[in-house]
Amino acid sequence: MKKLIKIFFLLTKTSIQSMLTHQIGVITFLLGKILRFIFYFSFLFFLLEKTKFLAGYNFNQAIIFFLTFNLIDIISQMVFREVYRFRQQVISGSLDYYLTKPYPIFLKILFGGFDVLDLITLIPVLILTAYFVFQIPNLLLINIFLFFFLFINGLLISTGFHILVLSSAVLTSEVDHSIMIFRDLSRMGAISMDIYKEPLRSILTFVIPIGIMITYPAKALLNLLNLQSIFISFLISFFFLFFSLKLWNLALKKYQSVGN
Amino acid sequence: MIKVKNLTKIYKTPIRKTNLLADIFFRQYKEKTALDNISFEINTNELIGFIGPNGAGKTTTMKILSGILYPTFGEINVLGYFPFDKKPEFLKKISFISGQKNQLFWELPVTESFKLTKEIYQVNDSDYKKSLSNLIDLFNVNKLLKQPVKTLSLGQRMKMELINALLYNPQILFLDEPTIGLDIFSQSAIINFIKKYQKNFKSTIILTSHYLQDVKKLAQRIILINQGKIIYDGSLKKLTDKHSNKKIIKIILDCEIPKNFLEKINQQKISYKNNPPLLEIIIEKNKLSFLIKEVINKLSFQDLTIEDEPIEEIIKNFINNQSKN
Amino acid sequence: MKKYFLYFKICLYQYFIYRINFIFWRLRNFLNIIFLYFLWTSINKTNSFSYTQDQLVSYIFLINLLYAIILSTRTEEIPQLIISGEIMNIITKPISFFKLIITKEIVDKLVNIFFSLIEISLLIFIFQPNFYFQKNIFSLIIMIIFIFLAIILSFFIDLIISFLAFWSTETWAPRFIFYIVLSILSGSIFPLDILPSTIYQLLLLTPFPYFVYFPAKLFLTPTNYSIISHLFIVLIWILITFFLSFIMWKRGIKNYSFYGR
């Protein structure tokens, strides 16, 4: 275990070092991310100034959904940044090397590119979230606990999605930006699932578990979840992760490599 | 150490036609048998050369033996493990290098990559220091350690890749075209290094290369693969001796070729190339003494060399003959 | 001329070679429209905007279509050609580099428009919303003029960003910022006039609103002669961007050098 942690730190360190050799790129990306967040936040602000309710939620509640989405989005990108480089690693043949290394391959291709830059954008979002959370009336400790558990649950689902993306690149390196589909899907949950009509809402919540991932933690804070929903959400994330791991193992068996 | 029995690997690739609609809706797949029921055994301290035409199945075999690809059929046992399981204990004992493919961190100096390798393979500090300094000295790359990998030439990079692969003293070394695209200096440096390494560390080395001169220098035993089948498994010398009955005689002439010499040659249906002052004669071994006598008696020359048929020709003819049968 | 037609066919074919890639690409567009459609239909239940429900729905579909017509581009492939040196192969052939680029753009826009229309129709078929259609011919003509101008403006700006590759190997960074700024300021998420008035007026001096938002607005609300000032702004931006891209091209090609592999 200690060895794995050390390898993880070394991988992160070299990833950061490599990133720092592209200084202009790094600064531009950071700027872009900050800009984007400011834009979206102000948009929401202007919007809810003119309309008092959005999908049945007031400004404070809508902001909680939005901020939860941002937290999961930013943390997922921060932890799984290496997945964005995966397709290139498959077609260049680097994947073959990773497969012959004596440590779990996910340590490299899933967790190996920890993006420290996203920490910079994460901190203000955390502060904002804390601020708005404490604006919630009748907030109980249990809500905060549930929030944390469901947040972790959401990250597990995010892990499953990223493993699916990795599997798709191994099975057919055709797909350029399968990770972007995940980003688009998660963005659809940015302002709760209640803007959608059935059956789309159920599909997006339970079948492609975006809803559970992004909106359930916020709903827990706002006291909108019953015990049954919470139980189902853990069940679904467990099966989803299990399914994605099975798919990955299948993908490896079907792997044909390049340049033979 | 390595036991392969009835190994088969079949690839499925889509067939692309130029008809747009057919490609989208009625896509067909083509099955290619990359390896067809091959079997062989390799023991410790052997240096094997895998040779064969492009697409013969050499790289596929290497990738199955190192666990990258999953075999369609067959039994594979490497150091007692099934490679595809990728058990860490197994992976720590092997090393896989592909020529022209890079696994060092591109923007950073090599030392960063070496440090990571040390941690991954759990090399202790003293062994690491010893290995590293030995390898650096052997390749004479001390001055190159601090600069980013992307600034190194291809030859220098390949040396670094080798060092990175040998830091932890693997029992089996898979080398897939290690010298491809390299200049002659780097090429010979790497080949000599491999030879020395194997002598000192008694590891098993499996090498694929299109440069048959390299294979000749290194490999005691070769496995010749063509179209997924093993057509020869044994010593290279035996193969060349058995399947080449030709010698090549190169003569640098002092004068014009006398007619009576040419008549005799043509009578015996011996083929030759005349680019004055060079005369090249390709002759079967049983006619050699006859020809030499003729040359000495009838020609005036500055220089004379007698060479074996180039390995490439021998192998090419061997493969062609096998395909015909 | 025939060689460009052949190139046209090759470019077209490239879209469909990778089936799954193509499906995923269209799926992304489809998801995007769905998201915006539901977002705005639910916002609109309690709103105080100057737009009706019908108009907002039309706005979303229109924005998507206009994106396909005006902003779809393959110019992002140019930096790679410059950095890898491939552009030299093209320049030394008896073929016009810019005619090739424009052919590729035409193919890209046609494919985007075609499938965007299919996706919008699919959504209309499924959700059966009411939407608004502009009946004033004058407005429609003015809109079409602005669409053409927007295509030209967007082309030159894309060239400017691409030609940065002559001087820097960072290809994705400037484009990333541009796309982010564009996604907000082009009106692709919300109609720009819901912003406070001063900000709105300032924005109209930049080229951003004219890509997508302005032609869409022309569709939704009839115009008057104040249009002339906006026409001038767009034409000035076109001139500026044309000259910038022209100078960058000339300088870039002259000083061109690239590193060996």
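Annotations for the structure displayed:
As written, the chains take the letters A, B and C, and residue 1 is the first residue of each chain.
Convention: a residue touches a chain if its C-beta (ideal position, glycine included) is under 8 Å from a C-beta of that chain, and two chains touch if they have at least 3 such contacts.
Keep in mind it's a predicted model, so treat the numbers as computed, not measured.
With every chain reduced to the mean of its CA atoms, the largest distance from chain C is reached by B.
A simple rule picks the central chain: find each chain's mean C-alpha point, then take the one closest to the mean of all protein C-alpha atoms, which gives A.
Rounded to whole angstrom, the centroid-to-centroid distance between chain B and chain C, based on C-alpha atoms, equals 52 Å. If you average the CA atoms of chain A and of chain B, the two centres end up 46 Å from each other. Chain geometry summary: the mean Cα position of chain A and that of chain C are 28 Å apart. The residues of chain A that reach two or more other chains are 22, listed in rising order. Each of the following residues of chain C touches two or more other chains: 19. Residues 18-21, 24-25, 27-28, 31-32, 34-35, 38-39, 41-43, 46-49, 168, 170, 172-174, 176-177, 180-181, 184, 189-190, 194-196 of chain C are the ones touching chain A in the complex. Across the complex, chain B meets chain A through its residues 11-12, 34, 55, 59-60, 63, 66-70, 84, 86, 88-92, 94-96, 98, 101-103, 105-108, 112-113, 115-116, 119-122, 148. If you check the complex, the residues on chain A that touch chain C are 22, 24-25, 28-29, 31-32, 35-36, 39-40, 43, 46-47, 50-55, 172, 174-178, 180-181, 184-185, 187-188, 191, 194-197, 200. Interface residues of chain A facing chain B in the complex, by the touch rule stated above, are 3, 6-7, 10-11, 14, 17-18, 21-22, 92-94, 96-97, 99-103, 105, 252-257, 259-260.
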